[in-house]
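Next, two complexes with subunit A in common: one pairs it with subunit B, the other with subunit C.
Presenting the complex of A and B:
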């Protein structure tokens, strides 16, 4: 009996056994795709240096916390983590404050140079950071923004802004202007209509684009390495030293870098799903 | 207490009596491209700089951000960086921005390196900080496959090739490893080891028949080389996983293998060719940028780092060797003992033929390296005709030397004007 026929006869599951196997198989495969590298990372993090380069590997490690302890005692990790969180948070706020109004304007208003503006927003990503870093650093040193959370956050905002503008643009475009017009006819002014009608609808999407800005800032290394010295962010602080480090420290350092990001994504996953439109259904 | 006392006397001797002022201001920021692995920077802070009285903050960085940052501070005319630590080649490109360090006490510092530190001017632009070189390392399992009559401490290139062949035949997989990965230091092998050993030159005999022979020998060696080599940047890792048994690399990039399993590995000199045993010492220097916030305190830190005790602590922390005359104590890490023995055998060999790092190329150093890396990729990886590639690359090299106007350096004979490519 074909699937279509089954569905026609009112079979609730509507799926053949074969279909189910493929589906389950794909789910398992995707899960393994993500989980196996993380598992290996963690196993090697908690192994002694000899076990890390040894072969064959045992599936369950003999717990050795030497590598992890090294990072917990490594001077400045805590401070770098704190700097990272501060910079990423400021970046998140700035890019939404600048990006959301721009996205709204692009979707609701016709104005001269609109298309040029849209291209220009993207242009900020056209220049490689190593090229921009030198003049930026000179300017920052002269005006006193050097080695500050705000200074670095401004650069990261510039990197995150195109995404914030384009994501919010499509969010606002997805909401019929008639809803706003209805609110106006019922006595709202433009601002009230926005706050009471539009904002609740786009809030999950805005949160998602804020998270995106957070992640961009979290992952950026070059500008952070040039523009900050004492207030270095975690990736700038660790990543450069890890590339050349012995294998067991690479794994432990990798775990130190991955875990906060995983934790963060786990906390905000609901909003990330909403960016893909799943939670709204 | 000893350290404190000698520090005081040294600071006085150097005429830098600003300890009072130094203590009041912030830590000296030491901005370095060396010691930038997490382990090494931790050791630099805890074991080396902790003894500096006015306080110092060690911040390592990759070369890209390192140079961008200091260039920005020099342009802005002010900044946070007190002392720079980097390779000879990176410091050259900052030439004009470096303060004169002639008034820092340099008693006991290697005079050849001090001369290099003048960067061709009459000012002391940098003071040597530490040195390293490239050696060979082998798993002891490999020794039974040595060709008959070969002494591992005095190999020739032919013997090395035969050894690599024996290992490949016996184990079924190539066991010689070469750091040809993206971050590997392969160009130094061609510049400082292969060329001097076959042509007694690094530049002027670039396209000579002897050079052709050298490349053909290397091609032969490559056929018994682990194909994973194009991914290897630090040979300590494949040595530890036993993917390779014999390897060439920088001493600091072999240190982890020696330290983790000192009883399983040996260090030994690079092989010799018809014109001797070519090898290349690497110099790391300390400099003070003209934008330093506290010049006196920065010079004090340099004087502190040049002391024999500090140099030994630095050796333990970074696996780079002292540049001042010191007696090494017995409690050294395994890597220091193993590579120290290899270096002693290499530099003390009757046929030793040391070559210098490129001198006077300024910011063309990267292009200079590219000539050798491109030749390697075209001849060995792409299998192009050796003669044609050498003729082609020689043109690039000649233009580059003329643009830089750099005279020859060892092992090439001195030249009037730019070093010629014959």
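Presenting the complex of A and C:
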């Protein structure tokens, strides 16, 4: 190799090494940007109430469960947690029960009105859905659904349904129709073929979509705050306390709100892309 | 017969749901905003809303927030997506870390940034430790609207960039590798590949992401309440106040129609601005 060529390659590796440093630096910086604020919330959560409102603050917690205990024993928290779980569970069940059949129909059949339905589902994205809580509050008063778990769960189902339809649509589309046809020729009817062949294959994906529905409901604030009084969910409860609650209550509450969501997102991470990838077309 | 009706049967629950809980309520909310108790058409509620002293402030603040947050988020998510795509090892882990905020509600994000910005918070502690300040600064007091605004912008960028990232990474996966190989052969630089291949091919994803983000930006609510209380009025906050505290669902409905109108206008604008000509789709 000539000297010139050596210098050239040396130059190139020098430049790409520089690129590599910038690249790695940016990736690490962006990871810190996401993780550090969560860490700081946890520091506050696991500090004693005095430390939370003390100054200056230590960046390392002294691991004290005083704030968490205070939060869990605070009047109304247990009730709010329980309401949150109930609403989210009902949302999960309703959105899968309505969404999965629709996803299956979209992936397997050609029929009139298919495009209209797809547009209707996609249209929900262009609308600020939490606003639905306003007219529904009036409607619920009339039909006796006001301040109920079911009433709020129905609104949350409306938020989760488009996702459920799109995820299940992409799940079912990923399974060759030939598998079903093979089951039919072996004597299964449509329903049996679905239960015995398709369902086991899509069950993990359906579970992921159910978990996603749970998280949507668990996190929703506006509709929950407008539609409930006695049956406040945890976000609505915390929102109401923002003005006057002590700091350590807010932070412990925030952590209780965040931690399950983190776990859920970890569980569904494989499916995050099927929610959006398919909707781009 | 059975098979022909089956798809409709399967769609029935979801369709019914969408009609009762999506289409019908939006008709209802318009009715609430325009029809008085006696059943007559009225613009009284709109007048009451528009002449209220907080209306203009709330409208301006909401627009300013959207303007400060969304363009930056799109740019940041584009950058993050190209970083992820250039990764050989650890792609899944990094992507998981970067999408964590996806599971975090706006209220929780507000509380998280409250831990940083409140008077005895971590920012003040750090500044004091560095010797920049002697006394903790009230970043979120009623007199410091500027820092409240900044805190909200940071919290929003922190929380909601992940959703854009997911959409863009999914979109980039759809771009055929051959295009880049061809560009490589002709000696196109990385930047040129980005502007001439990635950006144009990403248009549909950018469109989806922008519509979603703009709609969410005009819905901003709990972050603002957590960080600013009532010091920084925004549209959703006003809706909540009128509906819940003042018990006037007609004026709340008028506000709701304003948010709705803005959302639809921006959706149409983005759809038109980022349209992909037929035949140019992958």
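The criterion applied here is as follows: the second predicted complex is superposed on the first by the 184 of 281 C-alpha atoms of A that agree within 3 Å, B and C clash if a C-alpha of one lies under 4 Å from a C-alpha of the other, contacts with A are read in each partner's own complex, and residues count from 1 in each chain.
Here is the rule we go by: a contact is a pair of C-beta atoms (placed from the backbone, for glycine too) under 8 Å apart; a residue touches a chain by one contact, two chains touch by 3 or more.
As the structure is a prediction and not an experimental result, all values here were calculated from the model.
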item: Which superposed partner A:147 touches (first subunit B, second subunit C, both, neither); value: first
item: Partner chain in contact with A:191 - subunit B first, subunit C second, else both or neither; value: neither
item: Residue contacts with subunit A in the superposition, subunit B compared against subunit C; value: C
item: First (subunit B), second (subunit C), both or neither touched by A:137; value: both
item: Contacts of A:242 with subunit B and subunit C, given as first, second, both or neither; value: both
item: First, second, both or neither for A:53, with subunit B first and subunit C second; value: both
item: Which superposed partner A:75 touches (first subunit B, second subunit C, both, neither); value: first
item: Partner chain(s) touched by A:111 [first = subunit B, second = subunit C, both, neither]; value: second
item: Set intersection of subunit A contacts, subunit C complex versus subunit B complex; value: 53-55, 130, 134, 137-138, 222, 225-226, 238, 242-243, 247, 253
item: Sites on subunit A touched by subunit B in the complex; value: 49-50, 53-55, 70-71, 74-75, 130, 133-134, 137-138, 141-142, 146-147, 222, 225-226, 229-230, 232, 238, 240-247, 249, 253
item: List of subunit B residues in touch with subunit A within their complex; value: 29, 31, 36-39, 41-42, 45-46, 57, 59-62, 64-65, 68-69, 71-73, 75-76, 78-81, 183, 234, 236-237, 240-242, 256, 260-261
item: Interface residues, subunit C side, partner subunit A - complex; value: 3-4, 6-8, 10-11, 13-15, 17-18, 21-22, 25-26, 28-29, 31-32, 79-80, 83, 86-87, 92, 94-108, 111-116, 118-122, 124-125, 128-129, 136, 158, 166-167, 169-171, 173-174, 204-205, 208, 211-212, 215, 218-219, 221-222, 225-226, 229, 236, 239-240, 243-244, 249, 252-253, 256, 259-260, 263-264, 267, 281
item: Interfacial residue positions of subunit A with respect to subunit C in the complex; value: 23, 26-27, 30-31, 33-35, 37-38, 40-41, 43-44, 52-59, 97-99, 101-102, 104-105, 108-109, 111, 113-114, 117, 120-121, 124-132, 134-139, 154-155, 157-158, 161, 165, 190, 215, 218-222, 225-226, 235, 238-239, 242-243, 247, 250-251, 253-254, 257-258, 261-262, 264-266, 269, 272-273, 275-277, 279-281
